[in-house]
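Taking it in order: structure first as structure tokens, then the write-up.
Chains: A, B, C and D, in written order; residue numbering restarts at 1 for each.
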Amino acid sequence: MRRRIFETEHEDFRDAVAEFVSRQVTPNIEAWAEAKGLPREFWLQAGQQGLLGLEVPEEFGGGYPQDYRFNAVVFEELARASFAISSCVGIDADIVPPYIVDLGTPEQHARWLPGVAEGSTVTAIAMTEPSGGSDLANLKTTAVRDGDEWIVNGSKTFITNGYSADLVVVAARTSPEKKAKGITLFGVETGMAGFERGRKLDKVGQPESDTAELFFTDVRVPAENIIGQVDTGFIQMMKNLPQERLGAAVYGLAHARQILDETIGYAKERKAFGQSIGAFQHNKFLLAELVTKVEVTQAFLDDAIMAHTAGELSAVDAAKAKYWASDVQNEVIDHCVQLYGGYGYMNEYRVARAWKDARVNKIWAGSNEIMKELIGRDLGL
Amino acid sequence: MRRRIFETEHEDFRDAVAEFVSRQVTPNIEAWAEAKGLPREFWLQAGQQGLLGLEVPEEFGGGYPQDYRFNAVVFEELARASFAISSCVGIDADIVPPYIVDLGTPEQHARWLPGVAEGSTVTAIAMTEPSGGSDLANLKTTAVRDGDEWIVNGSKTFITNGYSADLVVVAARTSPEKKAKGITLFGVETGMAGFERGRKLDKVGQPESDTAELFFTDVRVPAENIIGQVDTGFIQMMKNLPQERLGAAVYGLAHARQILDETIGYAKERKAFGQSIGAFQHNKFLLAELVTKVEVTQAFLDDAIMAHTAGELSAVDAAKAKYWASDVQNEVIDHCVQLYGGYGYMNEYRVARAWKDARVNKIWAGSNEIMKELIGRDLGL
Amino acid sequence: MRRRIFETEHEDFRDAVAEFVSRQVTPNIEAWAEAKGLPREFWLQAGQQGLLGLEVPEEFGGGYPQDYRFNAVVFEELARASFAISSCVGIDADIVPPYIVDLGTPEQHARWLPGVAEGSTVTAIAMTEPSGGSDLANLKTTAVRDGDEWIVNGSKTFITNGYSADLVVVAARTSPEKKAKGITLFGVETGMAGFERGRKLDKVGQPESDTAELFFTDVRVPAENIIGQVDTGFIQMMKNLPQERLGAAVYGLAHARQILDETIGYAKERKAFGQSIGAFQHNKFLLAELVTKVEVTQAFLDDAIMAHTAGELSAVDAAKAKYWASDVQNEVIDHCVQLYGGYGYMNEYRVARAWKDARVNKIWAGSNEIMKELIGRDLGL
Amino acid sequence: MRRRIFETEHEDFRDAVAEFVSRQVTPNIEAWAEAKGLPREFWLQAGQQGLLGLEVPEEFGGGYPQDYRFNAVVFEELARASFAISSCVGIDADIVPPYIVDLGTPEQHARWLPGVAEGSTVTAIAMTEPSGGSDLANLKTTAVRDGDEWIVNGSKTFITNGYSADLVVVAARTSPEKKAKGITLFGVETGMAGFERGRKLDKVGQPESDTAELFFTDVRVPAENIIGQVDTGFIQMMKNLPQERLGAAVYGLAHARQILDETIGYAKERKAFGQSIGAFQHNKFLLAELVTKVEVTQAFLDDAIMAHTAGELSAVDAAKAKYWASDVQNEVIDHCVQLYGGYGYMNEYRVARAWKDARVNKIWAGSNEIMKELIGRDLGL
């Protein structure tokens, strides 16, 4: 069915993003994958194109439409080219800025937001630790007050943009005895003494994104880098995670749609036993099911996008969107691989990469099991 | 997520229908199930309530809002009480009237529509034959012209309302050599000589609906009972089937929603091993998945309802809605049965009946396999 | 693949059972279904045929081959005709006798076993109560010692053969404070004062089996009717449940095999669009999958049958067999229904009844969820 | 359940293979993966260990037990360490030798078999072409007789061991008009003029195996390198494919078993929310299901192994084994990835590699769709 949530302004924006992607992104993916990360140039161009400032108020260089449909457009168009890049941009432009905008001081706004919007300040958010990502309230990195500074010790892992980020929002324990209520967010910046990064992690997929382990050894973070109130970090993360999850759902589905479209094309052209492989009823029915599943999911996500645009998206609906869409994404692309036969197992084929890229979407941003916990709890179970 | 397609007028109508259902339907289901059919009284009350005239122009006693949301409301509220009744009303009020309204002569309008709207003329539509339902174009019942009359011979089976209907729209072959292009629709009425009915079919579920085999032996149908042009019946059925399929989707999902709600309640109350069975994580996650699946499906159906209200629903989107929603309905209810344990296997429990009632939704109105054929063809496969 | 576990003696026995079934069972199923239970005549004939004495030592009239393959043969051949009857015979001949044989006194052996073997004493076992079946250790029916008698109070539900049984093994609490270690088995017999039965329960399927609620009001059971030691009933049930579960798996799969065979036949004969419906690739692949699933499952069950014959079947392997086979049974038959189209929803078709009959196999004999608990625990989780 | 097919001699052999694997294989996998292929040294050691001569008669240096259980042991033990290596050895030792042994001339036996058994002659088989693998009968590589030589032209792709093989069995068309009946097998050897190889293909997984495209430009193959009769190649491949498919099933399942075992260990140790993640009921049930699925599948494969040992395995049963086991393998490992959380997406974790390695097993050796075609046809559909 025709999607009904976009107005002319979104469609115009989509055209612009699509053009940017085909001009600046697609031709370079190969090289960035080999380099295992996005170059600064990409970020600056994306900034110039207005992709990084959607969550940044105009006075700091952003567009700030306060209309999540624009964010969705960015995600969708990027994900058609590269799932990894949509997720890197997601962290940088969609997930980190709201923390600064909503919780930051005017001084922090002025210091950080212009760079975020223009792409000169790449950001990351570091919650997960080697000992656990799901049980966020139990994190072990500590920050201890020492005069006007806080001394941060610990490590984080699996941090998207972690290797290249200039500014990392780090969740650390400030009140040991208070569990969820003893966590604070710190803006840790490149160059702070004691802040080191491991090598880029060798992932199953998404080579064009850098993911890293971060180490904090007596890093002295000035108090003015605290984001929000001391000991309120957990609640802030809970408040912001829905947007992260909706994003993951949106670009996950867009990714699957694109690969599915390409696969349908392949299934029409590839011949076996004298007919196109898509004409075999088993494959025809399969493709009919996948297309249906994708469109059904889109309808739900579109509702969620509208709800979020209206400021009404609940955490539990974001959880539904995230788990459902990432499952669909993976299921669809797995079938697409099969339809490509042996080529589906060759990295030079987009479908093969997509398959590897997609898998993590069921794990990160709160694993799908954690999503079901949230939904189940919401049912009163 | 909150559904966004209904306005105040629909919600008011929903309240009225819900009240009607709880007053006139729910208390009688047991008796109607035992009687294996709905009494005339039901039809008259439903007519009075305005449930049967949504597709009938005002001049003939209908409401005719030309807004499919009202139809959806009727289906949803009936299905919460009884899936069977929603399907009977579907045939009578949602499927048959458009044939008469769109194709009928002014004389037919005047003759039939008032009775349809008030419930005094119960209707059915007879396409399927013992030798096949999927391959409609291949039907074998014949109608041969004889002066001002047509002589109909053959039989039909699985006809909803077939035992009690006053007026049956019968698809018959008028041009033997022309396959799909040789089928015509006839209004066959109770009392015509040679028109007989078999006993009420003994179905797996839905005892409160009558389903019957119909026999036509030299039935002389006057030419003025032809609905639409001779030899155009197939195309008319194709044109009207999307509404039938959307209806099946809508009441199928409403049925599942209701049973799921009741099951969640049961899972909270039923105890095992010292806790409610819904608190076991396996069940909690399962219910989280089912609720998500239902809501995702609702979003798609709501889009389809709006598209149909705008006159834009394509046959292929109706096919998607029908197969997907009926699958979801059955999957959801099957899990609900399991959660009820042994009680789920006892007919006195609503969940048990729902399970039996739901199964046919994957078969009728075009089997789900036929739906996938349509979708696959639309993809160019 | 050819099954490899049966020797000539089993095959001969199979032929005899098959002949008995086709002569004495198949022609009567309809009538027994209408009567909602098996007549005494059936039991006596089955006894005469040697079907009821496989677990009864020869001195008491049984065959007692101590080779579970014979039991499997009985189940398989009965289930091909009627899933319900295989389950009734299962309770009577396969589940209850071992309690008496293994735990009973010589006097009980002499009193009860001959009747069991000849079919004049029909048996049942009553564990489940209205308040719960999964949490067996928590049962509420009490038995309090009073001299040489025990006074039993409480109720049981969902008891197979419960309406017609002459002898019911009843699990009752004898030590309130000792949970699982305070349960004792009693042989309660027809005619004992205060032992009453509710009506035959109205089930989704299996009408030819009677299932009933049992009520015990100050029933005085003589001490010599205690089966096994006081307070050891729970451990005995745990010891005997594996055989019950293996049985449920064996006849569940045999049931599915039979229906699947019939469906393949139907799919070859039924035509649509000018070809047999089984020739459509979607259906062909589906049937290929179902046949494979059935054969894969058979291989596992055959291993389990051999293990049990050797006295080596673990409780956890029985749990695997039960949950897996009952899932396969239901999945297979559900697809078979679909392949029959509208006929699959008509009770006169065997596939329709099979579908209703099969559903309970995932619930009883320990629900599939309880099976997974056992398996999971065995993994050390 | 305990597997029952192995005798002491197989278990002793298993111990020896296991030791070889842990000594010579496991420590080197990393390096071989980086080198994108197995070194000659590996082959020679494997030959010395007796792994490569199971299909080679003793007079040519093989073991030739004519007992497929030994082959199964080799596969299982290799697959526990590396799915890729089991597949490379499969081609070299299990798939190619039977062609030579069964069809070859005494001269070919003497020329090739000793090298195969000792690992000095690595082999490959080249059926698939860029234009299609499923429709084997339609292959396009040609061989035209020219005196005592045949001139081969065309290309093959996805050839396992293709980059390193000394001897490649190449299927080529010798009678253009005869489709399946016009294909002949040629032994093409390294060094023949006009025989070239593309680079090692960049696969999704299995880096330690080399897979290559092969090009034949006027390659003059002497007539004495024809394997079997001219124009009978297709039937020979059909005859030998069941063994290939059984092998794929056997090492696929062994692979999944191993990863599942490791995952259960991980699930016991990894903590979240104060308990091991395997203790959450959802995960516990999931692992219970996966273990069951693996054991059920093993039972079927063990039957198939015994049937094949007895020379009775049908092509259709091999097809069932292959599609079913590869599906199970992939499903199991996918869930294992999920249980590892973020680590499941890191290449340094075995589970991550296993996930990538496994995917192709549903595609090669005849895709699972082709397997279902075969099974469906065998059902008469």
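In this section, a residue touches a chain if its C-beta (ideal position, glycine included) is under 8 Å from a C-beta of that chain, and two chains touch if they have at least 3 such contacts.
Predicted model only: the values in this text are computed from it and were never measured.
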Pair of chains joined by more contacts [C-beta pairs], C-D or B-D: C-D
Rounded Å distance, subunit B centre to subunit D centre (Cα mean): 53
Centre-to-centre distance between subunit D and subunit A (centres being mean Cα positions), rounded to whole Å: 39
Intercentroid distance (Cα basis), subunit D paired with subunit C, Å: 43
Of all residues in subunit A, the ones touching two or more other chains: 280-283, 285, 369, 372
Overall pattern in which the protein chains touch one another (line/ring/star/complete/other): complete
Residues of subunit B defined as touching subunit C within the complex: 128, 131-135, 138, 157-158, 201-205, 271-274, 280, 282-283, 337-338, 341-342, 344-348, 352, 355-356, 359-360, 362-364, 367-369, 372
Residues of subunit D that touch subunit B when the two form their complex: 280-282, 285
Touching residues on subunit B, where the partner in the complex is subunit A: 1-2, 4, 264, 267-268, 276, 278-279, 281, 283-285, 287-289, 291-293, 295-297, 299-300, 302-304, 306-307, 312, 314, 317, 320, 323-324, 369, 371-373, 375-377, 379-381
